[in-house]
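Two complexes, one shared chain (subunit A), two partners (subunit B, subunit C).
Now for the complex of A and B:
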């Protein structure tokens, strides 16, 4: 009887030794499919013309070349507005938007999470439901409001309409809910004002959630072309993403196009890889429990 | 002596009847913090939604919409009736629900599978996590590029799966969507991972001592413990697939909006569609609430 148990334990131990390898293999197979689009994106940017149009398309490149990038540069050299201007616009807009989003979001999530004011819960429910229902129908009314506020054709139109971001609000509030109230009470007893409680306690504790908000919203604002086409009439104020999207069209530009796509997506990937541990942490604590 | 008593009384009185208590005053201060966000929320979420309800009762063109001064005509529920009676719309809505019926369980099962694996300790875990989460952040940017007309006018995934598609239409649907499914699972994987991390390690130790296999452990410990998250993920995946920009209903709405004279109908359709979606989700929750705890 005892002998059997030892056998069993031995087997179990063996199984546990093999488990990591098996998991790696299974995940690698699934991961390949998941990573394929990114691989394709990177590889295509370096394909010479004769490989670009191969059928079926290849997920590797035989003769890598930088020609697509130099094509892109030569195309951008002949535009009315220098492409550095577009890049400048995008960088300014993205930076200001990120900063304002975090300030507005954290400011609002602090009282929602740590104060009980009438209607607070109802408001939060409204926010989470708004997450579900925002759809195409609101596009026309938003247009009316934005043009009515005379935000069109300014930098502000990129920034202001997106500041009341429901997803970020949800994440920030759930994250702050996990922080015990006693910390804030201790601060109050020590005579901290609300502003001090916010800047000295809430903000530092929310750092990971802030990073998550940045990651979730960064690709949207970095790659935003719709705002430029809908609300901006002045070429000088349009974004880099818009400029890149104007390059599309025409087989001759396929290579340059692939290079442009890579350039557009690279910043998002870098931002994500750099801060992915914060994201994991926020998601684990966003307390859907 | 008398004076002191009077003073004390006065003090007590003033404490009782101050305009705002300490707590209330602090709450009010906090509320001021929320004002910028609230303004934005009202201006760019609440008002547009309210306006879109209003528009759904009007026959209108864009120039009329500014301030509602123009010649918009109130048509009551006509827009709704028109949308309901349009056979093309009804068919598309049912088709999109049917597609979701296949897609959603596959997404949930796949993401649960990946999350269980990603939770284990093995070399290269971080790298795999990044690979599976990258779609979350790239959704908008490359998805359109890859799934519509890729380089040389072919979608990456459809070329991969043209062979399988001819085998069997049901299996073919899943296979041709497999890339899309994997890309749609990222947030679900995150939620499952967070859920799995909340299962107490002691539970696993207990069943291990009792000699449970990994399979038994999964079905009798892990799954019951995370069942609310399974339901949450079902709901999340449903909403995601209902409002995805490649959903046929969404493209009908888009084309109605572009036509320029059908804003009313587009709004009516979107509210009807939203109600239908909510109904489907509510029915789902009704049937699964015993696992919701």
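Now for the complex of A and C:
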């Protein structure tokens, strides 16, 4: 009897030996396939003109150059609005949007998670179901509302309509649900007001979830071109992404094009790398129960 | 506790029969526990701070998400060119949509083709790659997570510079050049022009960038699974990874499965911009036309807002229906 058990364990051990190898190989291959186009984008951005149109095409770059980036600057030198203005717009818009999104989202998630008030659960259920709303479906009524509120042709149009982000709100609330109520009760006994409970307890505890909201919304707002084309008539108020999209097209500029794309993509990846551990911590609570 | 004592406690716990209660300062006050309506009002007043806090979010939500959606649903019964006053048309938009508009059928079948492949494949791929990542050494996890998640951080427009070269129609294209050199084809395939290749190319590019928030949610969800469950299962005779997946991992990550399903469903039915950047709009023989592009045609180009709204309503109902089905299947609350 004892002998059989040992055999069984030996077999079990043997069987488990090759599984990690298979998993590593599959992951490594798939990871390379997944990362390859981005690597290619980086490589292309540094290719000199004579390497861009080689036949047969070559993946790697032999003589890396910054010419594509300097081309980009020289192309933009003749435009009416200097490209630094577009960049400034995008940075301001992104920063203000992120700040406002987090303030609005955390403010709303705290009572929904920790207060029992009439309608609270119904409202959260509404948010959960709103995850299924197709944002582009009601474009014209949105347009009428936004222009009716005179938000068009201002910086506000980039920020306000996107503040009610249901995915972020959902993640924030699920994350706060994991925090025991007793912390807040203790705060209340110590005489803290609701506002203090929010700023002193909820906000610091939600730091990881805030990072997640940033990474989920950052690519969208950083790369937003639709708002610029739809609601902004003043060239001075348009975004960097819009400017980049006007440059694209025309094979002669493939190099500069890749450089522009790289500039557009890199910030999102950097933000993700920086905040990855916080994001993972929040996502652990992302489930809909 | 004796029977007598318990009876006393019960009596003390019941509310007095009058409609008024005596406050601590001796004054009489309406008893809010008597009328549900009054009780609700009272509760709302005591929680007024909660309403103030959720107000900014829900005002934005109602004004910029819910109201347009309702307006869209109402407008779908009207003829509206966004200039003159809407004219009531009842079912006309819907009848035209289902009976006469052959382009809608084309757009819908393309979208369905896309959704049926990209939805399930990306969902399952997200789950399995996350499951694999969970089993590699801890220090490698962030690298793999980044490698798989990075594509979804790149917008379609930014990556078009890559895809247009990879799938280029002439022999300069990477795939054509590879196939030509391997001797599999004699002349380059028109990936971005020929009708039978347009949707597959869009689907391939979409799959590449489809490991998004749902994938992250899975990766994180797996780290949450209690490791003691594995030991307990081992005692019960569950030794293989596959058995652990079926009996432990999937049930334990059910909430993440639902969250990710919701994101996948909405994502796979709203394809549009990607098709536009890859094959242009209008595409050759409308082979890359999707419902979202068809909708924006009517809303933005032809100013037939009522009809565009009808398209939006049909799409929303489909997404909502499938989404509710996912809730029914994957949630214990429904």
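Quick note on the criterion: the second predicted complex is superposed on the first by the 252 of 289 C-alpha atoms of A that agree within 3 Å, B and C clash if a C-alpha of one lies under 4 Å from a C-alpha of the other, contacts with A are read in each partner's own complex, and residues count from 1 in each chain.
Methods note: contacts are C-beta pairs under 8 Å (C-beta built on N, C-alpha and C of every residue); 3 or more make two chains touch, one makes a residue touch a chain.
What you see is a predicted model; the values in this text were computed from it and never measured.
Novice: Superpose on subunit A as described above, then tell me if subunit B and subunit C fit or clash.
Specialist: By the criteria stated at the top, subunit C and subunit B clash after superposition.
Novice: According to the stated criteria, A:148 is in contact with first (subunit B), second (subunit C), both, or neither; which is it?
Specialist: A:148: touches subunit B, not subunit C.
Novice: State whether A:73 touches subunit B only (first), subunit C only (second), both chains, or neither.
Specialist: After superposing on A, A:73 lies clear of both subunit B and subunit C.
Novice: Can A:186 be said to touch subunit B (first), subunit C (second), both, or neither?
Specialist: After superposition on chain A, A:186 lies in contact with neither partner.
Novice: Which partner chains sit in contact with A:274 here, subunit B, subunit C, both or neither? Use first/second/both/neither.
Specialist: A:274 sits against neither subunit B nor subunit C.
Novice: Does the superposition put A:167 against subunit B (first), subunit C (second), both, or neither?
Specialist: It touches subunit C, and subunit B stays clear.
Novice: Would you mind listing the overlap between the subunit B footprint and the subunit C footprint on subunit A?
Specialist: Touching subunit B in the first complex and subunit C in the second, residues 15, 19-20, 23-24, 26-27, 30-31, 33-35, 37-38, 40-41, 44, 53, 55-57, 104-105, 107-108, 110-112, 115-117, 123, 127, 130, 132-142, 144-146, 149, 160-164, 166, 169, 194, 198, 216, 219, 223, 254, 257-258, 261, 264-265, 268-269, 272-273, 276, 279-280, 283-286, 288-289 of subunit A appear in both lists.
Novice: Going by the contact rule set out above, which residues of subunit B touch subunit A in the complex?
Specialist: Residue list for subunit B touching subunit A: 26-31, 33-34, 36-41, 43-45, 47-52, 55-56, 62, 65-67, 110, 114, 117-118, 120-124, 126, 128-142, 145-146, 150-152, 154, 156, 159, 178-179, 182-183, 190-191, 193-195, 197-198, 211, 214, 229, 232, 239, 243, 250, 253-254, 257, 263, 266-267, 269-271, 273-274, 277-278.
Novice: What residues on subunit C touch subunit A, complex-wise?
Specialist: Residue list for subunit C touching subunit A: 40, 43-44, 47, 49-51, 53-54, 56-58, 60-61, 63-69, 71-72, 75, 82, 129, 132-133, 135-136, 142-151, 153-155, 157-163, 165-166, 171-174, 177, 181, 208, 211, 213, 216-217, 219-221, 223-224, 239-241, 253-259, 262-263, 265-266, 269-270, 272, 292, 295-296, 299-300, 305, 308-309, 312-313, 315-316, 319-320, 323-324, 327, 330-333.
Novice: Using the touch definition up top, name the residues of subunit A that touch subunit B in the complex.
Specialist: Against subunit B, subunit A makes touches at 8, 15, 19-21, 23-24, 26-28, 30-31, 33-38, 40-41, 44, 52-57, 104-105, 107-108, 110-112, 114-117, 123, 127, 130, 132-142, 144-149, 160-164, 166, 169, 188, 193-194, 198, 215-216, 218-220, 222-223, 254, 257-258, 261, 264-265, 268-269, 271-273, 276, 279-280, 283-286, 288-289.
Novice: Which of the residues in subunit A end up touching subunit C in this complex?
Specialist: 12, 15-16, 19-20, 23-24, 26-27, 30-35, 37-38, 40-41, 44, 53, 55-57, 103-105, 107-108, 110-112, 115-120, 123, 127, 129-142, 144-146, 149, 160-164, 166-167, 169-170, 194-195, 198, 216, 219, 223, 225, 241, 245, 248, 254, 257-258, 261, 264-265, 268-269, 272-273, 276-277, 279-289
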